[in-house]
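You will see two complexes here that share subunit A, one where it goes with subunit B and one where it goes with subunit C.
Moving on to the complex of A and B:
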């Protein structure tokens, strides 16, 4: 790697991280196509650079904005200016992609598809990192970070609602199946959240029980560890056989929706994967409560319940929340596999897209999944920080 | 979390699992009686479109290649970002590895298909990307949480920077690095299973074929073999970690 040496020698003038990101933005603009044009949704794509994809004076505006963003990122500008530049770059990129799609799409063609090209994705990647980096440098408070997330979601919603992006291929795919999309989105979110809630309801009391019995704890953790190791597709598969049997032989089970294929194996598998992080982090959280704190609670005449609810649980909360965060992000990603066993969720679009070799359909399933996982991560990181503050107060 | 121990009676179940797996892979037909009750309309109880042993070896080869590449890249990156000159890249490297992890594996697989075509290559790319974070994180922890005395002693002995890295820092961090590789390999095993949706010939093929034809016997045997492999792989690495930890003079590796 040449960059570190370079960075060390020019430390005073140039921001090494910013320079790397700026280089990616510049390369994306100059050498990678901004947009991809396909005669139909599964045909091979043809690239169009920014100056080919945009109408009128827009290429020039795009070039000037890119140059300004690059300069600000390279310089040792203060974090607020870097943030403004990165966000301006992102908004500009969003406008350019929408405008390019409308410009490139041949009028009257129902089959042609325009999608963002490698240049747009690279620029998105670098500018998002620059935004994230600037936000880290600003040392936002937890509520500040959530506010930033809400603003970002608002801008994204604005773009989607304004119709600026409606000529993009992903939104074309969405337009032709908007009902199914909303339904699967809810199924996906529901699978991820309810399996997590079930794991919390079972896992936290289980952890408190295991905390008292050392031998049981070792065995239970080892069993959960093994469960965690089993790959998701295998676990979905292993659950299908017994669930099919229950659905066929236990009266009333089929009416509850328990069958070999469907939501049941997906839900149970997600629940099983959620247990280890929840149980593990709850045990760790309670172990972190010092003996002296417990003695103080006893000395104040607290009952066992009071001690649990007012001392131990609040102190263990940050660690428990860390487990919840891991599980939620993991479940949102794993729920995609549910599409394979008939459990629904956004994986339905991903697997349909794979079988039709339609990249846009894959994206329609994948992008909301990534966005959800990312947002869940940010929200829970902020919550963890908040619960830590509560503790030190 | 589970303390890694050398071969003891506690490892007997693992050995038994290994024997069962090898017996099943060597002569799957002998087990057809076990799977027959799960089939309907006289469907075959054992997957025969490709030998299970071949699929298993192919699966493991993909996992090995992907994990090896990820190990080289992640350890290299961790070393580079913990040297003085690379320190300012540390947050970025962390952020990139973290973001990579929020992408669902299926999406990575599906999106690399237009670039590399159907087959094993998209799977390898996904395995590589998914393998990075755990190895990077644990290597970083291993290198940064080293006792300062060890480093000072190495410098006092007149070791050069490179000698210190190769002879002191890396061996001491080895148990942690191995635990990262273990996590990565287990994740890779799962991702390689999903790889068969983009035509990599792995054990996922058996599960998917079972799902498509409604043959629960295929789904079960595919699931069982993959699950057994994952457990064995995990145990194998735990053993390696225990050995490395003993050499590094630690009581046990953090799992």
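Moving on to the complex of A and C:
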């Protein structure tokens, strides 16, 4: 009897997940460099710990904030306090990284680059998880989660606009190609979203047709499955030859932008990858509508269209949206590969960066991609919850 | 009101319903009873054309039910099934409003009708209007299912084992509600059940189905007194026949003059309940009261004679 009570009371003193994250934060601060300094953008880097990278009393402030955040995360503090600590930690990290970059950069050197080091990335990772964990514990409503995302985006935009980070290497890379960046950002988002929309426009009606014919459905799902197993690089590549041929031989095709390289193969490949999850989740969504409910719709005197629009689609919607979420996040990631086949997008920077061994340029492409995928996931999770009316209200 | 004219329905070459003819008069409750698989559901679903007959025809108010498009026909026929079949993504009010909104009623009329029906089924509109079906008990869901079927005041109501999933007490309450509603609206009802007690309690006429055939269709008294086949007899249950018979009439029709000891029973008590009361309270005769006044008595001997079968 006494033993479980003892164990419970011991467990009550520390928070297991919080303690793990706090340990990562502490290790990041004490044993990993906050910043990396390079004489030029492709030279090897040299690490600088927080107390080396920050001027004046800032190392002490940084240490105190870290200690407080660590203590709060370890303790059984309630979700609000944990959230406040994690957010304060993130903002402090943002300030420290900006300040470290300005401090370390030798005055007048046009070539030197300062980037966040392993300590900064580790702390970012742990504090983001702690923020997410606190938000989950707060049990925010779907609109609350979107509001949290908007606030986070606002803070990020504030940092970028304030110039606090302008000495960071990634932003140096951005500054020298800001026009190209904005253009490729839009191409990237456009490729991801429009290939998804095309897949929805084709896939949802296709699924509704397939649903009625079992043999056709099995054949179609098998074919789509095979398509899905082709590695994405290969699929992009496979499309080059046929599209080049079409572009050269079908009148008018070239005028539409269909060619071996460029946006067309990227778009078609993304579309092909999107189709299976959309068709599959639509079929699953409709199958989740019970026979009894369908029959009730008939018995009430609904026409086939009324049954579809008022009963079947609303009930299938959460499952369909789950498929759309998967596809959107997947497309945002896959669109990077469009950069390889001349399709544009943020992949352009990633592959340029790889070929020049310029890590900062790779990050200029990768970081916004991750942020977009992350935001899309949060927005769609909220939409899915909102559409699941029968369980949430 | 509803005429089945030599209706059959085949699945493959097996008849689920075989050559059934019957007539349900306006305002009647016809109860179709039979064992599982005897074709009751198929018979019922042919009325609103969820199933089409293989041969024969069904007339509603003298018109073949195939003259209207199926969806238009169904909007004029209420349909309530076991396990309710409510739309899980719609509130109670939206569920009840299904047919009225298909018929294009204006919002005010719909919401007044929803509140009226909720009150009729003893559910506080303010409390239940905006609930989702999963927030209701089984009995409440069942009532909303019947309310939805009645929403557009259909002249005909079809019910397929509507009380099958309810516990005995709630079930009895639901049966009383149904009788009250039928009186209030004069709805013609066809109800399917496998429970002979329920059939005897609710039906103005009872049809007994056996392997797709209608083996007897008559008033409850005749079913009990003169079962047409051994199958009907077995449905009635060999041990309960006298009690079935007694349960069909009230003591009012057998009051005689005279004195009796003890507390009076009401004149609308069934003979079955009166016999039970007489046995339990060890009284050979019971006083009968109507409107609070004792108007005579019933004797156990007379009750026993009413429960006797043919010689």
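Just so it is clear, the second predicted complex is superposed on the first by the 379 of 393 C-alpha atoms of A that agree within 3 Å, B and C clash if a C-alpha of one lies under 4 Å from a C-alpha of the other, contacts with A are read in each partner's own complex, and residues count from 1 in each chain.
Here, contacts are C-beta pairs under 8 Å (C-beta built on N, C-alpha and C of every residue); 3 or more make two chains touch, one makes a residue touch a chain.
As the structure is a computational prediction, the values presented were derived from the model and not from experiment.
Student: Thinking of the overlay built on chain A, is A:306 touched by subunit B (first), by subunit C (second), by both, or by neither?
Tutor: second
Student: Just checking: does A:219 make contact with subunit B only, subunit C only, both, or neither of them? Give me first, second, both or neither.
Tutor: A:219 sits against neither subunit B nor subunit C.
Student: Of the two partners subunit B and subunit C, which one touches more residues belonging to subunit A?
Tutor: The partner with more contacted residues on subunit A is B.
Student: By the touch definition at the top of the document, which applies to A:60: first (subunit B), second (subunit C), both, or neither?
Tutor: A:60: touches no partner chain.
Student: For A:292, is the partner it touches subunit B (first), subunit C (second), both, or none of the two (neither)?
Tutor: second
Student: Could you say whether A:156 touches subunit B, subunit C, both of them, or neither, answering first, second, both or neither?
Tutor: Touch partners of A:156: none, neither subunit B nor subunit C.
Student: May I ask you to decide whether A:209 touches subunit B, subunit C, both, or neither, giving the answer as first, second, both or neither?
Tutor: neither
Student: Between subunit B and subunit C, whom does A:132 touch in the aligned arrangement: first, second, both, or neither?
Tutor: After superposing on A, A:132 lies in contact with subunit B but is clear of subunit C.
Student: For subunit A, which residues count as touching subunit B in their complex?
Tutor: Residue list for subunit A touching subunit B: 1, 3-5, 7-8, 16-17, 20-21, 45, 129, 132-133, 136, 218, 221-222, 225-226, 229-238, 240-241, 244, 260-261, 280, 329, 332-334, 336-337, 340-341, 347, 350-351, 353-354, 357, 359, 362-363, 365-366, 369-370, 373-374, 377.
Student: Can you check the complex and tell me which residues of subunit B touch subunit A?
Tutor: 1-2, 38, 80, 83-86, 88-89, 91-92, 95-96, 99, 102-107, 109-111, 113-114, 186, 189-190, 193-194, 197-198, 204, 207-208, 210-211, 216, 219-220, 222-224, 226-227, 230-231, 233-234
Student: Quick one: which bits of subunit A touch subunit C in the complex? Just the residue numbers, please.
Tutor: The contact residues of subunit A facing subunit C are 292-293, 295-303, 306, 311, 314-315, 389-391, 393.
Student: Applying the document's contact rule, which stretches of subunit C touch subunit A when the two form their complex?
Tutor: Counting only subunit C, the residues touching subunit A are 48, 50, 71-76, 79, 81, 83, 85-89, 91, 98-99, 102, 132-134, 148.
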